């Protein structure tokens, strides 16, 4: 399956502002890519790439004063399979977990698993350990949090989401992760592109946040906002939570004035040349309607 | 300078409880060690060592139901120099920071640098960047937070410390770190042993938390609780904050019933044999007087 | 205009539980009443009426263990006029306010006008004082808070409503009141019956909370949830906020298992006898669908 | 016993600022007063007295731009008896409480008795109802809150005091009141003068806040900060909490630049003429050392 992924972001800075960008497809996925998955900028500026401690491919820029457009556009080949679902996946005892998963058991900036421990055991203590327990957590978050862009704010934590019952996709992920960790199940944050293939489209494209949970020797994707296996999930970054892998981490104020994201299936019979041709034409989708000063993360 | 370091911890668990321990001297310091710096347990139990993502030497155990004593006792050779103090150390521009320091610019579980940004710039925005600014932050924390064991609690964050004006050493460190990050200065959490050499003793020994700040190409120790260069600081662990490197991370309830920590200078003319002899006799210091159910971290 | 008002409440108590009820039409309104506006109970129990410090007619009961049904049902004659709207009503200087309005300028349990002062002046500082300013506050609350029963909780305050952007009618009222007080305009809490006359029905009947604001020598009703003058608003109670005048204040746990409220216009040509006849038949409306353990206030 | 009471307050306003003052001896105490207990001002300004809903004698002023000094100075005759202590005073059932005490059972701005209910029952549920239970609450607050002027802030609530373990006298009172109400015991806030007679002096004089609790048919003073019966407690105001009866409620910013309060026993053999003479000379005590911009309440 061929999927065209990309974004167009316009920011406006009152003065030159350093920024970290977490906007590349993840190097671990080893997808075949047609075209370039690099970030490009207008006006042109230096883009230093580096790998962070999680192996994410990041970039550091200094956005100039005024408007800057950042974009990327390429086609990736995806296996077209939905998220893996294994109802029988067992949960490891803490003593048996790989050492590098232990760090995903403790609280982080947006996932106060310590404060949610009592709640988590009260709600899910009687579910069977393993996939069923994780699924119960995902179901609960899906059913008890109302989605809405107006409910997002940069400092909103899992505790806030639990109390308020509202949020954007990253908030669904944070609450889900905190509850999993509170139940001694390693859980981490992920974000990237998510296509509408096989699902009903829900408005203008956007990046999407979800979670990964460690069960029976591997990490599985769970997406408590949609709460159903999806096709065309293209990972960009992973970390403890959004504090580690915000799309844009700016060291100074800026306005996000335009955000358009696309994740579109394209005709798989196209030749590589035809795909390159296609990439020369803009995509058809809508940009997100933004409030006057939305910061993204 | 020879310093005898060690601890004796007694815990009481209602049932077998997995625990992560961050209680070894840090492998990066390359101190000469006489005796063993390993953790020992009574009753005997399996202790699995592993290195975490920060290079800290950690251990995983399953504490049995009932009382367990954990201890360690050895002598390290320290250069006897006070914490390095370089008033002229400059602050790097964000664009010039090494990539692996960038993660210490963003908010973490206990250090909400995002929420404290306005406060930080209001308080310190007029200080000169570099060591002077960091020192101003350390002075402010030292002067505006009252120390007291009664003021510690496991979920206390930098924002709480700022609002409440009280805390234990880890709280001083968290507030200091959050304020540094809010000013775009990489800062991380450290803890370990701290001797009373050259300082007035302040009661029974304990572990100590401080901070490290990245200025002009290297990390420097800052200790906002004591706010003066100290001798005999033996690093155990580093991380974003105490969530990463709690002394004990327990997956279940437990009581800490006894805590004795020592960091004592010993006669530097002793031969290695005499040091081994010395390590066969208990230290003279006092145990901390604990409340009925203190959890440490 | 004749309006039939009443309620049917079923509660379930694990043991005998004292309760204060604020469920009578307000004695200050001097409406003609056909039938009895007293609270009745099944099983029968003693109902002590008293007037609180605001002149509200309240009742004290001890609900027995098990299920108790409380109800009331009568017809009131209302002038049929919509809420008074006077765009020219001026705001008094604090020095000129009647002494008994001053208490409605300061913060109360659910209306932290002190904490919202900066926000209020930022949002409304440029509006003209008087009705226009109060209307601007009502518009803002109406447009920035999403209504939903699922968003109610007993401890939710004006600050919570501001941050979360969600609530039930009492939350709209609390935020509106706090913002008015922050702008030095006396504001108090009111609740009672509200008919659907001239408005689109919004589901099963319920009690309704609104606010009263003191402008140019008198109190005016403002209803930031609906934000339009309404017909058939029958006042029950007034106070600083819902802490003063909760429908039910229970000194012990209880379940609210059934809640039906009606505010129905009836044929004005009916004779008094025919009205009494009518009161012998149940109303047609629906009961609210309640979660498993909703407490009302 | 003759006690000279008074204060000298200096405020500095950037522009004319309306203020409510709760600074008179309470009219209900019917003390014999020598001299005048009125508030005086320099420069002279209009002072409108009024009684609030609690029967407190209050004043409304408009402080001019610049510095204003407010003062009062008189001698009152007090019976010299310590606070009444009746270990046998019984607690009323809620059904038997006078109706006008019921309002002191529910949560208020600074006393979130609702949020503290679980804590209160856990801590005090096993104490015998009545005076012993109230005393247990007073003892607990006295022993678990650290006094310090630096720990005061205008928005600090009982929940904050509980979590932080620090406060000024009003904070001790708020936590005590919230815990009493959570246990279904009517409790209200009081403040006034408190002499050092029979107690060790604790620094420069200040106003003092305490609480009143309703047991066996009357209100008793409880002072959890000092936690011992005291002599020379001269009531000024009562209310639900400090939100009702702040010393100064200002509708605008101001600086408190000087605060001196005295409560001094004087020679009881003085004639009325000699007392008047005495009142012409300033008192000897110290003013409180204030931070740069302390607001009082």
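We just call them A, B, C and D in the order they show up, numbering each chain from 1.
Everything that follows uses one rule, which is that a contact is a pair of C-beta atoms (placed from the backbone, for glycine too) under 8 Å apart; a residue touches a chain by one contact, two chains touch by 3 or more.
None of these values were measured; they are calculated from a predicted model.
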item	value
Excluding chain C, groups that stay connected where the other chains sit	one piece
Copies chain D and chain C - interface residue numbers shared by over half, same or different	same
Most distant chain from chain D, judged by the mean position of its C-alpha atoms	A
Approximate Å spacing (C-alpha centroids) for the pair chain C, chain D	33
Interchain centroid distance [CA atoms averaged], chain A/chain C, Å	43
Graph class of chain-chain contacts, one of line, ring, star, complete, other	ring
Set of all touching chain pairs, with the criterion as stated earlier	A-B, A-C, B-D, C-D
In the complex, chain D residues that touch chain B	146, 148, 150-151, 153, 163-166
Chain C contact footprint on chain D (complex, rising order)	18, 20, 50-53, 60, 62, 93-95, 99-100, 102-103, 105-109, 112, 114-115, 154-155, 184, 243-244, 246, 249, 251
